[in-house]
Amino acid sequence: MIVDSALYRKGQRVEVDCFPHEFEKLRAEATDEGDFVWVGLYKPSEGELDDVAKSFDLHPLAVEDALKAHQRPKLERYHDSLFLTLKTLWYVDAEDAVETGEINLFAGQDFVITVRHGRGSELHSARSRLESDTAILTHGPGAVVYAVCDSVVDGYGDVLDELQVDVDEIETSVFSPARTDDSNRIYVLKREIAEVRRAVLPLREPMRKFAEGMVDRVDPDAGPFFRDVLDHLNQDADVIDNLDSLLSTAFNAHVARISVQQNDDMRKISAGAALVVVPTLIAGIYGMNFEHMPELGWQLGYPFALLLMVAVSAGLWVLFKKSGWL
Amino acid sequence: MIVDSALYRKGQRVEVDCFPHEFEKLRAEATDEGDFVWVGLYKPSEGELDDVAKSFDLHPLAVEDALKAHQRPKLERYHDSLFLTLKTLWYVDAEDAVETGEINLFAGQDFVITVRHGRGSELHSARSRLESDTAILTHGPGAVVYAVCDSVVDGYGDVLDELQVDVDEIETSVFSPARTDDSNRIYVLKREIAEVRRAVLPLREPMRKFAEGMVDRVDPDAGPFFRDVLDHLNQDADVIDNLDSLLSTAFNAHVARISVQQNDDMRKISAGAALVVVPTLIAGIYGMNFEHMPELGWQLGYPFALLLMVAVSAGLWVLFKKSGWL
Amino acid sequence: MIVDSALYRKGQRVEVDCFPHEFEKLRAEATDEGDFVWVGLYKPSEGELDDVAKSFDLHPLAVEDALKAHQRPKLERYHDSLFLTLKTLWYVDAEDAVETGEINLFAGQDFVITVRHGRGSELHSARSRLESDTAILTHGPGAVVYAVCDSVVDGYGDVLDELQVDVDEIETSVFSPARTDDSNRIYVLKREIAEVRRAVLPLREPMRKFAEGMVDRVDPDAGPFFRDVLDHLNQDADVIDNLDSLLSTAFNAHVARISVQQNDDMRKISAGAALVVVPTLIAGIYGMNFEHMPELGWQLGYPFALLLMVAVSAGLWVLFKKSGWL
Amino acid sequence: MIVDSALYRKGQRVEVDCFPHEFEKLRAEATDEGDFVWVGLYKPSEGELDDVAKSFDLHPLAVEDALKAHQRPKLERYHDSLFLTLKTLWYVDAEDAVETGEINLFAGQDFVITVRHGRGSELHSARSRLESDTAILTHGPGAVVYAVCDSVVDGYGDVLDELQVDVDEIETSVFSPARTDDSNRIYVLKREIAEVRRAVLPLREPMRKFAEGMVDRVDPDAGPFFRDVLDHLNQDADVIDNLDSLLSTAFNAHVARISVQQNDDMRKISAGAALVVVPTLIAGIYGMNFEHMPELGWQLGYPFALLLMVAVSAGLWVLFKKSGWL
Amino acid sequence: MIVDSALYRKGQRVEVDCFPHEFEKLRAEATDEGDFVWVGLYKPSEGELDDVAKSFDLHPLAVEDALKAHQRPKLERYHDSLFLTLKTLWYVDAEDAVETGEINLFAGQDFVITVRHGRGSELHSARSRLESDTAILTHGPGAVVYAVCDSVVDGYGDVLDELQVDVDEIETSVFSPARTDDSNRIYVLKREIAEVRRAVLPLREPMRKFAEGMVDRVDPDAGPFFRDVLDHLNQDADVIDNLDSLLSTAFNAHVARISVQQNDDMRKISAGAALVVVPTLIAGIYGMNFEHMPELGWQLGYPFALLLMVAVSAGLWVLFKKSGWL
């Protein structure tokens, strides 16, 4: 699906009299220095993408990658254009889960093509923000690359904030006195953190290259801006490592607490058992059939025996309470 | 066994009037620029391989390696030819197991020799695909190297998809309420993932060299294609790391759940024991031989005692149910 | 909030007749070689920081970073100025916790701007120390950068000393014979050590650059001083690794001891149970209703039975004591 | 002990009329280009080694190392000679253990000196093989270095095959239903694998240097041969990592299975206990002394009670069997 | 405290007519090429060290480091002198503990100053050895640096030998059938190994620099000697890694054995309980009050019942023995 296609000149969107899919007509208008076309696609069909590829001379391998949408984040340079793949992340509250999408971006001297896959990776707001900021847009395709990267990486931060909340909840749960089986949640969270890691870490290399001005199609003056994105990625990477390591530690603590609880339970059970077993012994003694057992003839023998049982149990109770077994 | 041997010219298979094993005759026909011979061997005997080695001046160390078939993936350059070793992988559904084969590949200016070991590493379809794509075949031996690598690496993806399914099954099993002893399956799967890792990881270095055009016998224009293979390997490496780490986490969760279950069992057993032991105490009390025990003379003393037992047990039952011990 | 702003000339604070926020007036006085202005801000409002940025031509991205105060330690070079971010750490005794603040520092040829966030990151004493040491202050902004770094890194050492005490306490607790549930404390401490690590480790790279004289605005003669700071950071990093690894080992030992204690408890409980169950069997035997049981008719049958119970229990007691079960 | 000393010329052993320890006489005969002396020593005394050192101008530090025999594998270059240390490994079937020896090798332009320590590191067969292969021997001392390295590294492969068998045995044992305490064997095997690792890994660096022709005394044409040795070492390193990681996983599985077994045992024991405790309660009930208990007067009361006990126990048995507790 | 101060010329100690603390007088005598002064200090006061610093133009930062004695091993170059910090280690038999000291060493063209902290780091014997070896001493300050390093690193080897013995003891203890709580000892030993590691590992970098002749004040000819020290450090590092990893494995085995023992205990306890509980059931049965129980009237009913109990218990005993539960 073609979401939007437009020509930009001196930071302004220029109306061109053509259908959105008449890319060559659109590109033919980009005659001035700094003019460029931005085509936005969402889950394009093979045909749509082929049209775009033909109009902008995209490398077939990059086009194939853009169609499949199961790439690692990466930056590749073909003769006269860039191909950048980013993973988009968002947090689905209803399911407490992280979902991933993908943006593939082609950038040449006079064009940018963005190909989105998956829900939540919208670029409309990034385009609007750019269109309202003429100063940045005048920098050409590089500005769009920056805007997309910035928007995607901002999304990472939001997801990590949510995951931080989840880790805090697990932490509270693990150290609460309640019996909780946190291993399942920890497992799921570790899996999600691994997914975030796979989106964040490989993107640092492309951003580093942009920041150091090592990429042809991107203005070296844009370096500090990409360095800013890289800073965010580095900070995200730190957060990811920290969350993962906290989860591991929390898991170990969880296991240790299970053992401690089992120990406590065992001692409580044993103490409880003693409260029943010792009176049973007393009852057994007075159930013996000896002919000469003075207590049996007492008028108050029976209440005495019951009292003895209660007294012994009460004594054991106090003893266990004092020693912490109950 | 000689599977196939043919001469290729301008991307076309050329019929040469000779027996498959008359390699020198075949090679003598490769007179034009870009002509090359492709010999395919399957588990060759020492004699067969020696014939080939003599006809194409292969280095004895490489020939020895090609015969033994227990190599690590590697790329080696001898004076005027390349020697590439790849591990092939396939998943045997019947046994839920990964099996490995090996392809050794010699490439010179006018020849490619492929030596296969193990089931499942067939190259026939790769040859057919190539023969139907004249454009690629015109690139000479390098095209064959690419076609073989691409085909082998595609196979890795399939195997990883199957292993992903296995890991998902284990995950489900670990977190199911049923008592499952997953450690054996996790162990076996970890072993298989290690095997896949040993095939995938060392192959990245040769692909990187091809992608960067650092290898003589391979056309630098083929770089993007080998970069594509390298991308797949990198993605496979990510998947492998992820599966392995998921398995480790799942294993830990498995152990934690055993502890939780033991805890639950212990509490259930203790509660169950209380339901028997307390009535036993009551029976013991009324089994005492005191002369003066009023209840013993009651007309309904016996039903009363039975009722008392049932009532106490029922009370305990409710208590344990409420506190989650039963 | 503007904490202080002053002009320094030849290592002396020069009184300038202006309000603290008249930065441009102040800067205009810095006409001699080596003159510089030092502005100290604490949690500045966006407006205050914008004023400063305008007066000293600070890069907008750096200003944005200085405002937000959730940065990683880093050093960035903009055309004619440096931007350095440091994390400050201090130990709150009341809560046994580490808190973090942040100092952002801009340094140009004739100015230093320090922006503090969070309690405890005071720079007043650093400024006083510097003002009393004319020799150092004559080195210009670089001297202030050093003084700030030195002061902050000294703070790290203090925090690590406190954490060392905490780890020692945990160690004592883990290996004490008392039953302690140390996993919570170990978890919290690991979390704090991770926080310290995130402050200390990334700062080494900027200090290394200063030490090697790779930074424009800093006098290469200051190298040994920054190398001294770097040495402290390296030593801190060693201590952090060591504490973290000690905690992990202590945690494992904690878990092992829980198991050992459970084992001990189980044996004690079993031995205790035997002391009750065996006499119960004896009572049961003499409770049997056989017509011909000679003991039942004995005059001293009952005391004999009681004695037998005591004797058997005492025998078991000795046995268990000897074998270490009680 | 001097094992052998000989002069080689054009790949042939040349008889020189002197005693084995007359090294200088022997060396004096090595006048032609390519001539060299090979002296083989086994656990030499300090005096013997000093003689050799004097005759061949060996560096005192290298001589000291060769005498002590507790070196890491390493390659060192002294002005005009090489000093190479290798660890030899062999598997002692009787003890299921790996033993280590050491070979120190000095190589100059016209001599090779091999100093062996420990059983099993024999070089006699390597010498015989070399002497029967004139083509290789003509390459001078470098050929001997290769032959020794090749022979030693072949030994590593044999040892690893044996260790593989041991790991397979442990794997079978861990996952067998029998109760096995495998931790001791796993520990011992891990220790032996660590020993093999210490022999194999550091040797890769010297082999890499030889393979890349970076070492003066060794013919660059020998590169592929040393690369072959290096390949073996790399493959050995892979196997070592794999075995070690399998052992760790097996150990974890072992621990998990202990827990599972304990769980099973606990349930079995509890079920067994129920089969005894419940009849005891019934016996207790009919042991009560109520005056009005109709069953007591029944003619078949006693068999009825026994039957009741058996029936209840049988019912429990079926119940436990069904629920998997027995 | 000034331990010794002397002038060396051509490898000989030269008597100078001055007090030990008249450093400038002493230094003034070092007029010939190769002459140098060696001052040995032990826990110097700030004043003593200041005197020395003034006489030999030492850098204040290095002097501060030398005074405090809590440095990491490091090598620093100030304009015309070296500053080397080494950690000394020794094993205190009485406490089975490793203690650390520190040696700080300044080396200039005509002086060496050694500053020792902590017991056991004596240098007297190193000085004596050097003074008796004129050949080495003629190499000047570099020779002293080597002698000190060599002596300190020899000490590491001794400490590691003792730790090896400790690890062997723990290993024996872990796998002995006795119940041992080894976690405390393993913890302490891991802590000590970490301390040794912190002394050994950072020293490798300075030694590497000396070995490669990258340090101005040290004769490049001394390279092989420092390489020898570096070899020792590398070997020590291997041993440290190995000991640490053995301890970890031993700890895991320790935990596994606790579980196995608990399992064994539980089975033994259960079997023991059965031997008491089953006879109790029999006693309960013959304690029932049925009017028609033929056995009760038997002349030998009582002995029969006792025999039955014994027989059943004996049967169970045999059963448990056979199945390994007792």
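For reference, chains read A, B, C, D and E in written order, and residue numbers begin at 1 within each chain.
One rule holds in what follows: a residue touches a chain if its C-beta (ideal position, glycine included) is under 8 Å from a C-beta of that chain, and two chains touch if they have at least 3 such contacts.
Just so it is clear, the structure is predicted and the values come from calculations on it, not from any experiment.
Trainee: By the touch criterion stated at the start, how many steps lie between chain C and chain E on the shortest route?
Mentor: 1
Trainee: Which chains are in contact with both chain B and chain C?
Mentor: Both-contact set = A.
Trainee: What's the minimum number of touch steps needed to get from chain A to chain D?
Mentor: 2
Trainee: Between copies chain C and chain D, what's the superposition rotation on C-alpha atoms, in steps of 5 degrees?
Mentor: To map chain C onto chain D, rotate by about 145 degrees.
Trainee: From the mean C-alpha coordinate of chain A to that of chain E, what's the distance rounded to whole Å?
Mentor: So the centroids are 43 Å from each other.
Trainee: Which integer distance in Å separates the CA centroid of chain A from that of chain B?
Mentor: 26
Trainee: For chain B, jot down the residues that touch at least 2 other chains.
Mentor: 255, 259, 262, 266, 273, 277, 280, 284, 287-289, 293
Trainee: If each protein chain is taken as a node and each touching pair as an edge, is the resulting graph a line, ring, star, complete or other?
Mentor: If you draw each chain as a dot and join those that touch, you get a single closed ring.
Trainee: Output the circular ordering of the chains, read from chain C in the direction of chain E.
Mentor: C, E, D, B, A
Trainee: Can you list the chain C residues touching chain A in their complex?
Mentor: Chain C reaches chain A through residues 59, 61, 65, 70-72, 74, 76, 78, 179, 181, 183-184, 186-187, 190-191, 194, 198, 251, 254-255, 258-259, 261-262, 265-266, 269, 272-273, 276-277, 279-280, 283-284, 286-289, 293, 295-302, 305-306, 309.
Trainee: Which bits of chain D are touching chain B when the two form their complex?
Mentor: For chain D paired with chain B, touching residues are 171, 175, 224-225, 227-228, 231, 234-235, 238, 242, 245-246, 249-250, 252-253, 255-257, 259-260, 262-263, 266-267, 270, 273-274, 277-278, 280-281, 284-285, 287-294, 324.
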